[in-house]
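Below you'll find a set of structures to go through.
Next come two complexes built around subunit A: one with subunit B, the other with subunit C.
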Partner chain A sequence: MASSAGEGSGSGLVDTDDYESLISTTDAELLKQAWRNEKAAPEILRFEASLVQRSREQIQLMEETIEEYSKNGVDALTVSLYQMDLDRTMFLLRSYLRTRLQKIEKYAFHIQKTSELWNLLSKPEQTFAIRCTDDMGQLFEQSVLSKLPDRYKSHLKQSVISEEDDMVPEAHLDSFVICRCKRFLGAFQLDETGVEKPVDLEADDLYALRYKSIKPLVESGQVDLV
Partner chain B sequence: MASQSDPHGSAFSAAELEFLAEDEMVEIVPNIRMDPLNLISGDFGPFRPQIATQVPLWLAVALKKRGKCTIRLPDWMSVEKLTQVLEAERDSARDFQPLPFHYVEIARLLFDHARDDIPDIYMVRSLIEDIKDVRFHKIGTGLEIISERTYAVKLLNLSAMEVNIVRPFVAKALETFYKLDSPEMIQDAERRPDARTQAPDRGPRRPLRPR
Partner chain C sequence: MYGKKASELVKEFASSEPGQLSAFNNDLFSQVLEECNGHLLHLQSLLRKMQEDGPDNQTSRNADHFGALMHHLSIVRNKRCLMAYVYNRAEVIQHLGWTIERVLPEEIEEKLSNPEKDYFKNHSATLQSYMSELDLDLAVDMVPPKDPYIKVRVLEEIGNVVLSDQFANLARHAILFLRRTDAEHYISQGLMEELSS
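Then we have the complex of A and B:
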């Protein structure tokens, strides 16, 4: 009873908060948080398509501005400060994309056969994943699998008697992450079974929690991974 | 270019934490005149001689390196405040004092680049070191509370560096307890009594939950 009322007012809060964070948070902040979340989460998160697009445009605009400034004889100090800011943003963007590629490479087979995960990838990332799985499959085939008896020739299964693909590495959602709540979230049930006592998640406090239990909160942006 | 940390060890490398800390705001007093900067990370300035303004730490350090400003020491870094914090840290065996999330990195960056702006730098430096030591010791003893019934750990007032250092241990310990507690694991252990030999150093065995 109390929880349903809490949820009702909670969703109202989300809207205003989202609106406030939309007008007060810069893309630089958003990109930084996307990068932190991506680095700290065990599995691949949704590709921040529009954020990446906007960041790219800002970077391009800034590159043009810097070029213009250095042509027009704006003093070297100012230009170098703009350049530093640009470098920082580019580092964030590159590291964000690269962290995703590392995860894709690691869990390529699993991502490719799981449509929910597959849809989180951008088009170029999907291309990358396909090439990854093709190349890895070919490598396994040529170096090992072709020399094994028939029963063991799959790179997805241990042997023909395996009912499911049991040789596919996937992300451990049971691993623990450290997170910070953006605001008070109230009593939060950590365990599906309901055996455990709910934990009060308070704004700005840090918690070590099982990733799976807070996955929806990460996806909706209510908690940040650190 | 800074190298990437392995995403499955500690989540962030020390260099990456420093990168994040460089976005924290500090107050500077410029000695030059410069127009406002409209950067991707925000708008800063205008810069006028002797007029204090707020900028991110990386910008402050860049100006400082070129001798264009002095950096005002953040309030929490004064000898007085740090002495209070250190005393409070020593008084309580469990609680941590609120300090900036990146206090270790900010202090280090300022020691490295703005030593002449810090009065009593030796005092400040040794206070920070002491605070760090006391806190790390407390973290060490605090981690002993993790047990098989721990599903969540609240890390009140821990800083970025401290979180990053305990992360591999805390995450692994909690995960192991979680796995050992899961029903499949308990069934497995019953089916294969020899499984025990694989982990001889697990410490005292916990009684299995009645099913």
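Then we have the complex of A and C:
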């Protein structure tokens, strides 16, 4: 085996399990999972900066490979298989970024004023969010707010006597999501109030739960959304 | 009845096809705005009256107080309706920004109010600038790819173009195999259609 000494010590135990965990940690697989989570979660998740960066590098590499192959007259079928793989990765990446932008479009005001959410965005996304709120604010201003009485001109509050911002659309964290546990997590309290009984979360089982209750597990990567 | 017009406005949007825009209802919209100003006048005169009467006049005090509250709530409700109308239309316009680039077809454009036209321009510029910052076109690849090549029919004369893998003469009615990413642009502009095999 050509692997380094550190890895070599465990090489006797290589079995299907290890193979599966190896497969599930390739970037393609990680990107797929990030994309799924992002698609299924009602609110915006952390931007996978390094994963996106790596994926883009791999895409570039793949593009170069394909170009080289087609120049060197490698079998057309091989090239088209590579091309298909490339297309799929491109789709995942684009769709991932697109899903995030669409969430930002929708909840721009809320994301911008909530610093925990704001910090989950990448730099270009932050720029995008700022411009989104500016554009939307301008539309509101021109269509409605400028024509309303003074005390009702805010786009965040219904009137000056509202204590909180009560006109900002937020993600519904109460909505249900389908999720799969990666490993056994034991009894998990779904409800902060303690009214409901804890649920045993088994490895590889599917659950339909409220997003709010498993949010920390999604963020720490112990649970995948599907 | 107070607030009726505003609810009509919202109902009008709610009953339209999802993803479709009907013409911006300027008439009703400005009527609701007028109603708001009417409420404000009532509200101000009631507040003034309450101040003049002072806190001692128990008999009329409650009546005036509730009257003022009524007008205030009516304004707030109208505002919510107006904002909902504008906001939901804006969401449709946002969606348009993803599917068509920059130029709005005439039949859609004439349904928008002037601020909405500006909004479309600004918003698609925002999208474009994000994409150019990443150097990645997000408007293609809207559906998961099955095959790198798709069969398309050219609907409008496009002429000779350089595609990512070939030179092609996109004459009207021609049927060709193109790279999906190349074809999607033309499809979203309505210049081509995909032929399902």
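Criterion: the second predicted complex is superposed on the first by the 202 of 226 C-alpha atoms of A that agree within 3 Å, B and C clash if a C-alpha of one lies under 4 Å from a C-alpha of the other, contacts with A are read in each partner's own complex, and residues count from 1 in each chain.
We adopt the following convention: a contact is a pair of C-beta atoms (placed from the backbone, for glycine too) under 8 Å apart; a residue touches a chain by one contact, two chains touch by 3 or more.
All values reported here derive from a predicted model rather than from experimental measurement.
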Touched partner set for A:Phe91, first subunit B, second subunit C, both or neither: both
Subunit B versus subunit C as contact partner of A:Pro124, first or second or both or neither: second
Touching partner for A:Ala108 - first (subunit B), second (subunit C), both, neither: neither
Touched partner set for A:Ala28, first subunit B, second subunit C, both or neither: first
Touching partner for A:Thr78 - first (subunit B), second (subunit C), both, neither: first
Contacts of A:Asp135 with subunit B and subunit C, given as first, second, both or neither: second
First (subunit B), second (subunit C), both or neither touched by A:Cys181: neither
Touched partner set for A:Met62, first subunit B, second subunit C, both or neither: first
Subunit A residues contacted in one complex by subunit B, in the other by subunit C: 80, 84, 88, 91, 95, 98, 102
Partner subunit B, residues of subunit A touching it in the complex: 26-28, 32, 36, 39-40, 42, 58-59, 62, 77-78, 80-82, 84-86, 88-89, 91, 95, 98-99, 102-103, 172, 174-178, 190-191, 196, 199, 205-210, 213, 225-226
Of all residues in subunit C, those that touch subunit A in their complex: 29, 33, 36-37, 40, 72, 75-76, 79-80, 82-83, 86-87, 90-91, 94, 98, 113-116, 118-119, 122-123, 126-127, 129-130, 133-134, 136-138, 140-141, 144-145, 147-148, 180-181
Residue ranges of subunit B in contact with subunit A within the complex: 1-2, 4-5, 7-8, 11-12, 16, 19-20, 22-23, 32, 34-35, 37, 39-42, 58-59, 62-63, 66, 68, 151-156, 158, 160, 163, 167, 170-171, 174-175, 178-179
In the complex, subunit A residues that touch subunit C: 56, 80, 83-84, 87-88, 90-91, 93-95, 97-98, 101-102, 105-106, 124-125, 127-128, 131-132, 134-136, 138-140, 142-144, 147-149, 152, 155, 158-159, 167, 169
